[in-house]
């Protein structure tokens, strides 16, 4: 059963990396970014594109991170910022992100074709024994890389100036702008982080399964979102814990109940969390003043 | 037995006692003003009266029945309606609809009446619309009937909020700073309007900062500072009361 | 007026009817090809379209059929039943169209076939495999392997050719996958081997480790995989990293170039029953593969080849019946023996094609025929 | 580019509002003409293909009206309405194929089963608000789809349910050819529209709108907000189930992949494009978005990119939808209200109010 746990952890780490994107954007804008799943798929395809141009796997991933980060900035700049300026209702932004998801996903299908395409394995040296447990090198790579990246992300948010302004904007946009914080550029930076983490997740998962296809974002996005909600949306380390829980429970469900219950597990967790503790494990209740 | 009895009510937010053992009595047909510096706990008191906040301790008896810690819906049904410090109308609904929503609790027809549009349904709808027009006519908003609440000028929005409170058939009206942001001419009209309400038999509790309005309309004044009731009495006594002046103008050490 | 309707419903009604006024053309004959051109299965729909266009070009170069030029009308049904049945209505009402090659997934075919049957136009699906698809009516045919025949060959491959006794089964949870797994199970037991474990996965799954662990622990020596290449390839890769000498048997719809591209060396020694073998010495197949690669730049898969033959059959029926009528095509099809790239096709009274299978396996990156 | 876009754009917006006002001004004439046209449509439509599209427009209008009650009027975003659509379709399909029950028995049952589904989803989740509710409904829809896929013994799993019988009245089968299905759809559409209008123009409709505008103020006015939110969900699920049942008998084969996330988003886009908090907006929205893929079939793979762009543009330049937002026309008083009644006695005294109640 140890093997299932390892599978779950590796899968969970990837979900965590995507979930972080949801949490960052939700924290700052109180908005669920539905296009995040397709941005994750975009990141994977960009990495594939650069690998195709005979770049090494790692440089390809770096290019993809930058490009996807820029894509997320453009998404905010051209479709979400105007809505913020117009103070339009929350639902308008929600539907906009769904529209963007349709655009990105179908453009990927047009330019890359809908076939399942091969992606080179990353760091694949068969089995490695660590502390007595034999673990696939690719799994180990994902665990290590994700932990490092999530650590960097937490450091940026917790200890840097830009991190401080991000948290300020999260608490109260108006007050933050009064304190001289350029709210829009903070939001843009948050979107960049979101896009970058999605690109990393996309590349890692593609390297792990060595497969890329345009619709990979939809289901992974939804599961990552339920991980974000489980951990407490808006709370960074919450997404990591949430991701791991969803990843592990999915693997065990697949092992015990059978492959066809794998996707249902994530949604059942989501609904249970929403019913009993909508703010999630680590979330905080925001009280609405009369 | 007074019309409304508030006995030793408190509200603690964590350690802070926003309202600390306040008691007061209101008789039918009276106008009571509740004054005090900002953050003294006036609005919190209103929230406790209307069921928005649960009480930490104390009791509220209205017309002989306890209403503390009841749901806002039950309290409105008993006849205690309020307006809000920062106007909370239904912005994208028409003026007439705002008033009709106030009548929601007294519009007695069933879901089946709605579905089959029975005679009873149509009779009650006409009646409610008729009453809504009368109320709007009485506060001079009749020509705005078709307009949307958000488009009204500030003064009209304040009055629409009061009209909405009236339409709930309330016996006691809790007006939270109705004159806030009004020019002298508008607050003068408001004064007249509140006097008319009192003449029609309404009991009114007012939170207000405009001393001109408070001094010449209130039967009695209650002063609250840091959540405690520091004075109560006729307008003249309150104007000369040392502790009240201190509360407003600050301690002279 | 109790009911309130928007006048704009009328307004839209006009633009829709205006725009799709059907073009009448007397001296052309139209064949419709329908499949997913967008969405997850776009590659299969596009494969159908390419194959039918290639066949029609071949006939047009030889003067069309009965002197009439043949035109191809392609539709995208996004692989959903709702769009498929709307398109079916559109095809049926366009008198110029005399035959339909299409719909991809069985469910989608079955959503559209009542319409084709009611108005009497032949529908040949190159890929539908749902058992009661052809029972919809006498106009409904398929140029695809019938599950129990193909499963028989797959079982033989696993038991006779590979000589394994302990068989595992992995199936994708679609109508085809579930049905195939069921039938294969009985055939394996009848063939004298034992089914040690059965695993089901949802389409689009990538992580097979739980299923592999179970199959491997059950001691499976060969896995029969009832799924497309997008599942067979990653499954092969992941299983071989756990148990390098596992044997795998796929089905004809996973027989495509993408499988080798995706699984690379892990595709070695995977065995297939197939009715289309692109490297067979048959001259007609060589020609088709050459033309297809020339025009579209990739090797045709078995489903594409089956679409190619379907178009071929419709045109041959017109020639045999010597008149262009939907009714005639149906009559001729039941009598037809069509030597195509996917072997000789002959229809039973239900509309299913009885096909001869060739056994194939992957050897150093190539599909190679095995003499059974 | 943005400036030019804005310029081009408010010409569109003017064009839309001019059209809208023209429509409101001549309401009577339109409806009579429309009624006549609806009855004759099957005979004047050039092909059954067009008729089928119109039937699909009708089905999606019913779905939009149902979702409109929850999202348009009560302001609760639901991303999982395809689940009630699916429950309705499967219940009717299974009942008619296994027990051979007639359409006119299975449809009400399916609608009620869907309504129960609405209650199951509504009760626990309506404590949530905004984004959390949207995600919970989305989770619910995926779970329903998983059940349909895996509960093989009942729903036949991925094999779906085939050979669903056509509706029939006393043995006379309604099919597309004899326009029976078309008129059946019109009947269901009229039923749904009438119910929705009745609900909207009553104290319940006003209560729902109050919840949308300011839930706290609504509570303070004595409205039991949770009760009305759940009721809106149940009614909405009922009519979605109705549409699902009709769809099953129209298409005669359903499988779990017919009711996916895209379907829920399609219904939501119709509600938003047409105009939240309107009835006729639903007809317009579904007419446009259902015929959109058919009319733009020539776009092939670019169709859904354009579809996404429409959503984004709509939200940016006209979020209230085409028919939504503040109307120029007057509020419709119930017939019999006298506008300027010269009330002799004083205006609204407590005592006077009671006499009016008693007097009439």
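By letter and in written order, the chains are A, B, C and D; residue numbering begins at 1 in each of them.
The rule we apply is simple: a residue touches a chain if its C-beta (ideal position, glycine included) is under 8 Å from a C-beta of that chain, and two chains touch if they have at least 3 such contacts.
Quantities reported herein were computed from a predicted structural model and do not represent experimental measurements.
Centrality by C-alpha centroid: the chain sitting nearest the overall protein C-alpha mean is D.
The pair with more inter-chain C-beta contacts, choosing from A-C and B-D, is B-D. Note on chain placement: the centre of chain A and the centre of chain C lie 36 Å apart, centres being C-alpha means.
Centroids of chain B and chain D (each the mean of its C-alpha atoms) stand 39 Å apart. Chain A and chain B have Cα centroids lying 49 Å from one another.
Chain centres here are Cα means. That of chain A falls 33 Å from that of chain D. Looking at chain D, one finds that residues 149-150, 216, 301, 304 touch two or more other chains. Contacts with at least two other chains are made by residues 52, 84 of chain B.
Shared contact sites, meaning residues of chain C that touch two or more other chains, fall at 38, 42, 173, 202. On chain B, the positions that touch chain D within their shared complex are 50, 52, 72-73, 76-77, 81-82, 84, 88-94, 96-97, 100-105, 107, 109, 111, 114-117, 121-123, 125-127, 129-131, 133-135, 137-138, 142, 145-146, 148, 151, 164, 166, 168-169, 171, 196, 199-202. Those residues of chain A that touch chain C in the complex are listed here as 3-4, 7, 11, 106, 109, 113-118, 126, 136, 205, 209-211, 213, 215-216, 219, 251, 254-255, 258-260, 262-263. Within the complex, the chain D residues that touch chain C are 23, 28, 30-35, 37-38, 41, 45-54, 56-57, 149-150, 152, 157-160, 162-163, 175-177, 190, 193-194, 197, 251-255, 257-258, 279-281, 283-284, 287-288, 291, 293-295, 297, 300-301, 303-304, 323. Note for the complex: chain C touches chain D at residues 1-13, 15-17, 19-22, 37-38, 42, 75-76, 79-83, 85-86, 89-90, 92-93, 107, 110-111, 114-115, 118, 130, 132, 173-175, 177-179, 202. Across the complex, chain D meets chain B through its residues 195, 198-199, 202-204, 206-207, 209-210, 213-214, 216-224, 231, 277, 326, 330-331, 333-341, 343, 346-353, 356, 360.
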